[in-house]
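Letters A, B, C and D mark the chains as written, and numbering starts fresh at 1 in each.
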Amino acid sequence: MESNTNVLPRPLRGIIPPMVTPLLDRDTLDAAGLERLVEHILGGGVHGLFILGTTGEAPSLSYRLRYEVIERVCGQVKGRVPVLVGITDTSFVESVNVAHKAQEYGAQAVVLAPPYYFPAGQAELLEYLRHLTPELPLPLFLYNMPTYTKLVFEPQTIRAAAEFPGLVGIKDSSGNMIYYRRLQSLLKDHPDFSLLMGREELLADVVLLGGHGGVCGGANLIPELYVELYNAACSKDLPKVDVLHEKVMRLSNAIYNVGQYESSYLKGLKCALSCIGICSDFMAEPFHRFRQAEHNRIRQYVKELGIAPGK
Amino acid sequence: MESNTNVLPRPLRGIIPPMVTPLLDRDTLDAAGLERLVEHILGGGVHGLFILGTTGEAPSLSYRLRYEVIERVCGQVKGRVPVLVGITDTSFVESVNVAHKAQEYGAQAVVLAPPYYFPAGQAELLEYLRHLTPELPLPLFLYNMPTYTKLVFEPQTIRAAAEFPGLVGIKDSSGNMIYYRRLQSLLKDHPDFSLLMGREELLADVVLLGGHGGVCGGANLIPELYVELYNAACSKDLPKVDVLHEKVMRLSNAIYNVGQYESSYLKGLKCALSCIGICSDFMAEPFHRFRQAEHNRIRQYVKELGIAPGK
Amino acid sequence: MESNTNVLPRPLRGIIPPMVTPLLDRDTLDAAGLERLVEHILGGGVHGLFILGTTGEAPSLSYRLRYEVIERVCGQVKGRVPVLVGITDTSFVESVNVAHKAQEYGAQAVVLAPPYYFPAGQAELLEYLRHLTPELPLPLFLYNMPTYTKLVFEPQTIRAAAEFPGLVGIKDSSGNMIYYRRLQSLLKDHPDFSLLMGREELLADVVLLGGHGGVCGGANLIPELYVELYNAACSKDLPKVDVLHEKVMRLSNAIYNVGQYESSYLKGLKCALSCIGICSDFMAEPFHRFRQAEHNRIRQYVKELGIAPGK
Amino acid sequence: MESNTNVLPRPLRGIIPPMVTPLLDRDTLDAAGLERLVEHILGGGVHGLFILGTTGEAPSLSYRLRYEVIERVCGQVKGRVPVLVGITDTSFVESVNVAHKAQEYGAQAVVLAPPYYFPAGQAELLEYLRHLTPELPLPLFLYNMPTYTKLVFEPQTIRAAAEFPGLVGIKDSSGNMIYYRRLQSLLKDHPDFSLLMGREELLADVVLLGGHGGVCGGANLIPELYVELYNAACSKDLPKVDVLHEKVMRLSNAIYNVGQYESSYLKGLKCALSCIGICSDFMAEPFHRFRQAEHNRIRQYVKELGIAPGK
């Protein structure tokens, strides 16, 4: 039923993979790869899909292409899970523009990191959110990603912004667990506010102690691993959590750490997806796909870890 | 003569003010203010005009508005001085799009900081420039602004990129003078490569020792002060340099340092322009214009410094 | 039995509080307060005591005073628990000097952050450790504290250094949980290597998933809280972990966040200790004790949290 | 005459080289090399000598060795030029201790960077200086070196501290010329306050526009080059300044940029000194002397640049 598809659970819980954007070149989608990838991820039993985030290389894509991604993905998912759309932009107006496209094509929520060019202070960021939230046609998740944006929504800023209508959660990708635990403590009285972990290495940590779920890049590759870990952590099955967490760490240590650049996470993930035949590993500038040597190492890791597309 | 207007001096020398973008609200130009501002600046005898840079709040503006700025300014300047257009973007394709608009409306060059979301390495940035320069229809200046972009084009990267056709100079706004002196030394054999200083407090320094000029924010307010300082430094008139440099420092210490945020430069500059009746002080998010208390301090400084629109 | 007291468990597990250094002035110990503090902490059932760390203000103390702290504490503890002594120094020779004093007075281990003045690379840090470990008369714990030292022992550096005789563990105070989980994964085959968490907000996290314990500043105040949380996490009693973890968060949010400076953790902790009559709140430069307003807020929090010296 | 030797010019002007500390091993001076080095530097006509700074590896040396350096250098210089002694320390008491040794052995001033372990705020740093200056038996220069200390004495802090008796100047090694120009502007009314530039690449800049001189590492190698450049800049002989400044840049680009680490400045400088037979190139941990490949490159550069000990 269509109307159902617009219901976003409060708080949003579970595994919401940040989807890779398959490309043929810098301004052309790998449309067949995208279709395979969406089905591959949904086949793993995930609880949502986050498109046009960091993992989706959104800041490197043209607006035209971003709109095409939203249209295709929403059209394919058809409400099977909530679709969250990244609207992070240095321009307030462009963020609002993308949010309207997201609503038009049927997405359920939008996701926003701080406007990351100018060094805004916390009072300025709070006012920015006070101005922005009424302009958005969909519920909003904040996104903490300080190594890329250099700006942080401080816990007290989020505590204050949590009163704004439409602000429904946060995805924290800082890796700074003090930050996450502080948020959790400050938002005890907002049980509907969703606290999602953006680093899969910490999924077990957060779900065991009251967190709501994870935005796990590796779920592009093996969605069911993260869903199982989430379920094991929810049911406090610690021996199972230990085993599955260790699998997540092995994948992270292998696939995301090839080559000398900080881009190794994205390059490794896209390369592994191409190794298992899901989609192209082309990357938009300023990055480029792995050369042969790195590609061969990823292929070897994919084999050792037993990564393969689901049936 | 039209054909003349397309000649960009090599190296570009002199004072090229980074123009403020006058706004009525976040997506509406203050068109009358813009017109006054352009004439005010050109009346000071400047050698070029740089629009849609950091001082122009470009990252905070919609693309529609950016295009409008290019069209209006180029249409008004009509080749009296070269117009340089900022095309910095995290998306390669959008940078190229803006560059084509710039060429279409009659600008003479474009200016680009590193794509500032993803943490690209130097080899990745060099490849990015190798891909980008052939796509651009106008000569390119690089732009070093590490506090905002967090990425730096390292001197050796610029040395290598200086061989790419169409790359004609750099604007350095780091304040790191070692960086500037290293560039100068590495590019001794490229006398046509323009080395512009983005911080007015260092204009005297660079022109006295072989630099080509400055992109001085204060030249929105008092263009002739910077032109005179540039001329005095070119003619090695050290006593005059001392006096004019001290005036520049007094303006900087006063107008750019009101309030507690890093945005004080931009807010102070726009506020002072409104105090002297040039244009509105509205700012796009994530900033906002000064409140009354700060406004009053700026008004006082403007009076003390004797800032007034030219005849 | 004396010989027993020299046995350091491998891996070291449990709660090892980083002891505050009670001072009467910048170069005079509060000897009576120190004695009370040691008994207060040991009365809580802790598993070790770490003196002259960051919480102990070691970098701010004269060497003479540091030696006096070692002598007094070791003399008082008399082997009831292992004593770990901070030897972090920018000078290799002075680190070795403190280590010899530690051994002479009967401590069981030493703790070392990177030499934090010069920006050493990872290969340089590894060679530094290769030179240092043979000179130390006691087992060594590394100490990761990047916000204060600006240098990090990277996981691969620690993996390599874990082969050096005498290197027995690490205390991680970064708050970066990815770092901790990576270490854990890389050192799977070194079950004797102790992985201690330096941030009490993350004690529950690490112990639930295989970590060995915590160096918890709050255990100066309420040692039994941290010991109980450690025990609950060891026995996987998740409901009890939830309750105790929330108490730890409440203490952290209150006591460590008064005032505007980053020193609020240290000032709040010492102030709270003085509120409950354990020791003086004097701090060595560059810090100073809280003024009256902040003192009153801490006193109020101490009352609300029910903090009181043990029987 | 002894009494003369205690006169420190106000403001101190000219070239004050930051002396390298020649070592045979980590805790043994190369006493013969030290003696040669002092005479080599003084032979170049310098205006002072700064020992135990960053270039002198002071933070890496034991206190015993630091005291030996002070005693030997002061005993050899015998008041021919003022000797400045670095007393930077995280411990207030140890800074005062070194200052007393400096006075005892006959030095003329001391030099202090912020206490660099704890993240002190500006109000805390100002109070620290308020406490420290009355305890010092010699005039004090501040030292701005943010890449190593991570703390900055902000211009307004220095402006306020310039009122404290005994505070006579600052050495700025940030490379941030905006900072230097701001200081100069804020201290216009303190003509006796010495503003020294710690980066030789910017010596020409500062002296041409009213700065007092430089603390130039390269003056360990070719003291007369920096003295000549200083003199040319004082007499506003711009063509000569251009030629000498370019020589300084060539030395910097060559000698200080071999190898991949940030330590290349110190390693290159010590290596070059050993190539011309002045002293050993041994370095205290965490550094080590260049291996053969880097040594050979430095030897080649020394030859190309024509560096040789004075007659």
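Some notes on this structure:
In this text, contacts are C-beta pairs under 8 Å (C-beta built on N, C-alpha and C of every residue); 3 or more make two chains touch, one makes a residue touch a chain.
Given the structure is predicted, the values throughout are model-derived calculations rather than measurements.
Any chain that touches chain B and also touches chain D would be listed here, but there is none. Note on connectivity: the fewest chain-to-chain touch steps from chain A to chain D number 2. Interface of chain C with chain D: the two copies contact each other largely through the same residue positions, with over half of all numbers used appearing on both sides. Comparing mean CA positions across the assembly, the chain most remote from chain C is B. With centres defined as mean CA coordinates, chain B is found 36 Å away from chain A.
Note on chain placement: the centre of chain B and the centre of chain C lie 50 Å apart, centres being C-alpha means.
Contact of a single residue of chain B with at least two other chains is seen at no position.
Here, these are the chain pairs in contact: A-B, A-C, B-D, C-D. Those residues of chain B lying in contact with chain A across their complex are 26-27, 54, 59-65, 90-94, 97, 114-121, 124-125, 127-128, 131-132, 147-150, 260-263, 266, 284-288. Across the interface of their complex, chain A is touched by residues 175-179, 181-182, 184-186, 199, 201-202, 204-205, 208-210, 236, 238, 241-242, 245-246, 249-250, 252-253 of chain C.
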